[in-house]
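Both complexes shown next keep chain A, but they swap its partner, so chain B is in the first and chain C is in the second.
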Partner chain A sequence: MTMSTVSRVRRQLPLSPWLFAAPGLLVIGAFILYPFVSTLINAFTDRRTLIEGKFVGLDNFRELLHDDMFWIGLRNSTLYVVGVVPALVLLPLLLALLVQKNIPGIAFFRSAFYTPVVASIVVVGLIWVWLLDERGLVNSLLETIGVGRVGFLSDQWLLLLSAMAVTVWKGLGYYMIIYLAALANVPRELHEAAAVDGAGAVRRFLTVTVPAVRSTMVLVGALSSVAAFKVFSEVYLMAGPSGGPAGEDTTLVMLVQRTGTGLTGRVGYASAISVVVFVVTVALMLLVLRADRRDES
Partner chain B sequence: MSVLEKVRPARVVSEPRVTDEHGRRVRVWELALRYALLLAVLALTVGPFLWQLSTSLKGPTEDIYTSPPRFLPSDPTFHNYERVSETIPVWDYALNSLKVATANVVTNCVGSALAGYALARLRYRGRRAATLAFILAMLVPVEGIIIAQFTTMRELGLNNTLVGVVLPGCIGAMNVLLMRNAFLNLPYEIEEAAFVDGANVWQRFVRIALPSVKGTLAVVAIFAFMGAWDDFLWPLIVLSDPSKFTLTIGLNYLHGTFANDERLVAAGTVIAVAPLIALFACLQRYFFRGVGEGAVKG
Partner chain C sequence: MPISRRNLAAALAVCVVLPLSACGSGDDGGGSSDASGKIEGDITFQTWNLRANFKDYFEGLITDFEKKYPGTKVKWVDQPAEGYADKISADAAGGTLPDVVNVSPDLVAPLAKAGLALDLDKDAAQYKKEYLEGAWASHQIPGMTGTYAFPWYLNTGPLFYNKSLFQEAGIDPEQPPTTYDELFDDALTIAEKTDGKVATLANVPTVEDFGRYGVPLMNQEGTAFAFNDTKGVELLTKYKELYDAKALDPQALTATPESSGKKFLTEAVAMNPGSALDLGNFKKQAPNLYKNIGITDQITSTGHVNMYVMGVMVNSQSKQTPAAVAFAHYVTDAEHQMSFAKKVAIFPSTAGSLDDPYFTKEDGTDETRVRVAAAKSLKSAVNYTPVLFSEQMKTELRNEVAKALQGKESPKEALDNAVEACNRLLQQQG
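Now for the complex of A and B:
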């Protein structure tokens, strides 16, 4: 094959590549990139659902500072990251180690552990609402062993904790798969050398496994913290649309949905909250990646 | 490995011949511990689904709040499934979800294959800009732009339609980039040969490139189906007319309206989750292979 053929293959009619890419570009342009730009613009207007807005400068952001609901949302979304991320970095790794070995029936266990990932968040939410109900399974088990019933869904803080537990429960299988792929690349010789040196299972985990999958742990940390900060469905389903007792369990994205939709929706104000969500999300990513680089040096 | 095993070969031989991925024998106590842990996690991950199934099969006279709890229905019945379809049009909702999910699979497979091929295999001015557009789109947090998507949809007059539910995710940027990577990994030689034989772009794409990336295409299809079938926030915002609801929104409605009868809600959730578990059980082998390969190649 001569070079001229190669370059002829690569040089196409000027139009056809764009025809191939057009549908994709059109969809992301119209429904992702354009809405993103218009969110940034709307944040500085007083636009409402049926009323074109006018430019109001930083008014929306000034109002946010005095909006109790915004601070509640910011607090809850932040707590969500703090509560969920460490569990989602560590537990799926342990789970991956458990299902890594090819013993009989392991394929069944791997897919069974993935079931919560496959199930819709609505199904998962409703299942746990029923399990954690005042008269549900968890409480009747607790009563049977003499602990007594707990108001998982009626207490403001227990409700948030329960939602976090559900998020972790649903995410386990997803991150387990990511870790499984990473573990497959850890050379076995490292483990054997450590074993010969007399290292026990815990020590080998800390000195061999963790350093080998470190970059994957950072990736999982970044993915799960961004997802946790944007939590909506779990809390919406378990606490209800108004966000639990006195709205104390509202998260930022719930606030965006509540203020921005409906006939009287304040699109401009909801966009300002969205901008806060963007900024914190990007900051979280940078923070995690930076922590990664510092550890390495 | 230890001295003990060497001096007592008879006992080692009598152990079940279970080996790990390196052909090394696994010790019995370790195996027992592993299975015990596996079963514990199994109870934790699958147990809640079984409890939901059990609740949905319990009759109206059976107490579902007993303590200690009773797992098996004393007199199993499908009555709750009939009742849930009398209460909300659950089969219409399932059909709506199926339409949305099928459309999402078709558009994502076709659209990302086309765009991925253009990004990986064709040379033209603006290719880098096009690639960058998809990367940027992948980084935009959907939760933050959902209100603007809603106003865009209203301007197009597509609010409260199933087309409106499908459109924003119908060609995912992530899928385009997945397909691009798959096409990049193919060798150029075969396409060059076809080019010499006079095949045009379209023929090379359909007959040569596409059949070689079936694995990635399958992963895109599975993700597209699950994503559309499971989605909650976007349909919740875009759909207002109950006759157009998808299954997830219908379930939320059922839960809000009939929260006092857990048997009904349980039957509804089983209807929503059973097809997906069945689909996944059939495809899990391809799925784990595809995801694993993609992740390893990075």
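Now for the complex of A and C:
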């Protein structure tokens, strides 16, 4: 190899990684970076679906402060996090402990618990709407036992709780799989040693299992809190496009969809709401990770 | 060549600046809007959820058009009903709107304002006389001059009721309500007699209901909404009484036309508006209900029933305007509207078509009875939905109505708030 060839190769080398990365970068640029930056820019304009906007500074954000529907959306999305995340951190762990053992027929239960995860959210939503309808199966059962019909889909709070229940029901299997992987790495000797020391099942769970899967619990907490804050499908399907009675069950992402779509959509305003959703989800992630770091130290 | 920091920075800057181009001026280019040239070239025609049931009809129509005008080629695309407006808005924003588009008046309004709908009064005025006057006017936009779509099919329908539920409540099933007062009285009776288990209506009042009740929806100039007048408050107060007595289904606050239709199908509610098209559905999906189905006229205080209008718009940016206009007219002319009407229970918007014996002679069946009655009422029917009433406005009205029904606001406060919100949205539309 001559000196000139060596220097040519040296000069070309830095380009090679970029060429390999180019397809990925293009996809990221087109489908992640571009929409993200567009949303940021639109948030400061009065752009509408068919009309290019002009720069309006912080007007959209100022309007948000006086928009009742925004506060309702923020309240419901926050309540969703508070209601759903603890259940999605704990219940899948308990479920994973139940199906962890290798006993005959356990594969059936693992599959059964995982089925809601692979089911289409639209189908799931429709089934639950039928079940919880004023004349649905659940209300018929309640009526039979003398409780009377309950307005699962007509009461503002029951509707939100019903949607939360569906989210938890659908998410259990997904997080259960994550926990199963984590539990497989917990040394059996630790449980055996604790048992020898006289620890019962509950104590072994608290002193051995929980510390061993703590980082997984943090991960589940972070993932489920971001998903819960951005909830759309479950509430949309159960509460209808208007967001429940008088729109009281509207979440922030539903508000983005309602405000920014259609031929008369206010894209600029919807983008401003999206920016708020983004900031809050990033804050949620940081909060969970910071709490984890503090616990570790 | 190595990538210098400067080049990398430039590339990143392009990534960031590129979206800024989206905020540029809205100056649109596009093809000629002259419709008088030679009819030739390739055009795209978009329908609204019609392929599933009418594939053969449209394929035949397109083949005939291409034969009549050699050199033309029509590509037919059909979009599902769900999210149709979103699909159009994405196409319109992306510059890929088809040449000929199936629209309703409320979809035409924003497209016309954005300069994307061809003004037919200017470019295809010779066809105006072929259509019913009211139908032609249905695609005119307040504040703008011109007509922005060919009228296509019209639809209206009776009020269906469940005779056995009426009978159970002690109401003569052969004497259905014909006025609003009778409707409200019957609804309260049914709720009382069934201990609130059977509601009569399943949906909250919409803007069409206010119109049919005789409430002025907009001011004379069409620049502001006005449905918060005494009559509007009166209607909402009546509905509040129905809601409290469970004569209005408890899930009405979140209902959609589809969900309330299902409630009627499962005999959970006693009355539901519908069209001639529904009779076939009842026969197939709910034979028990079909045996007990009662049919009565739409209730109206104005003497004019509500009608829905479909249109066919020509994209003003089309590169083949003569072919697009010719095809839009071909789809909506008297001959083709008539043949389409005979395939499905809809009504033509062309002048004189409703006088055809198909729409005037009964043969003793329920289907023809509904068809003849509907065709008769269409001659004086009104499309009560203001063309400027957007989806966002519908949501505002629905939410305020729900607050009034729940007792969180008085009917007057609720309607005042709804009008204020709708006017704000109207101003933002420009």
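Brief remarks follow.
The rule we apply is simple: the second predicted complex is superposed on the first by the 273 of 297 C-alpha atoms of A that agree within 3 Å, B and C clash if a C-alpha of one lies under 4 Å from a C-alpha of the other, contacts with A are read in each partner's own complex, and residues count from 1 in each chain.
Operating definition for what follows: contacts are C-beta pairs under 8 Å (C-beta built on N, C-alpha and C of every residue); 3 or more make two chains touch, one makes a residue touch a chain.
Bear in mind the structure is a predicted one, so any value in this text is a computation, not a measurement.
Taking chain B and chain C in turn and counting the residues of chain A each one touches, the greater count comes from B. Contacts of A:W157 after superposition on the shared chain: neither chain B nor chain C is touched. Applying the stated contact rule after C-alpha superposition, one finds that A:I51 touches chain C and leaves chain B untouched.
Look at A:R135: by the touch rule set out above, it reaches both chain B and chain C. Of the two partner chains, chain B and chain C are each touched by A:L33. Within the superposed three-chain model, A:W71 lies out of touch with both chain B and chain C [touch as defined at top]. After overlaying the two complexes on the shared chain, residue contacts for A:G244 are found with chain C alone; chain B is out of touch. By the touch criterion defined above, A:T264 reaches chain C but does not reach chain B.
Residues 11-12, 14, 18, 29, 33-34, 38, 42, 49, 133, 135, 261, 265 of chain A touch chain B in one complex and chain C in the other.
The touching residues of chain C, counted against chain A in their complex, run 1-3, 15-16, 18-20, 22-26, 85-86, 88-89, 92-93, 107, 110-111, 113-114, 116, 249-251, 253-256, 259, 266, 268, 390-392, 395, 398-400, 402-403, 406, 408, 425, 428-430.
Within the complex formed with chain A, the chain B residues making contact are 18-22, 26, 31, 34-35, 37-38, 41-42, 44-46, 48-49, 51-52, 55, 65-69, 110-112, 114-115, 117-119, 122-124, 126-127, 130, 133-134, 136-137, 140-152, 167-171, 173, 176, 188-189, 191-193, 195-196, 201-202, 205, 226, 229-230, 232-233, 236-237, 247-248, 251-252, 255, 262, 265-266, 268-269, 272-273, 276-277, 280-281, 284-285, 288, 291-292, 295-296.
Interface residues of chain A, counted against chain B in their complex, comprise 1, 5-6, 8-14, 16-18, 20-21, 23-25, 27-36, 38-39, 42, 49, 95, 98-99, 101-104, 107, 109-116, 118-123, 126-131, 133, 135, 137, 139-141, 143-144, 169, 172-173, 177-178, 180-182, 184-185, 188, 226, 230, 232-233, 237, 253, 256-257, 260-261, 265, 267, 270-271, 274-275, 277-278, 281.
Interface residues of chain A facing chain C in the complex, by the touch rule stated above, are 11-12, 14-15, 18, 29, 33-34, 37-38, 41-42, 45-55, 133-135, 151, 153-154, 159, 239-247, 258-259, 261-266.
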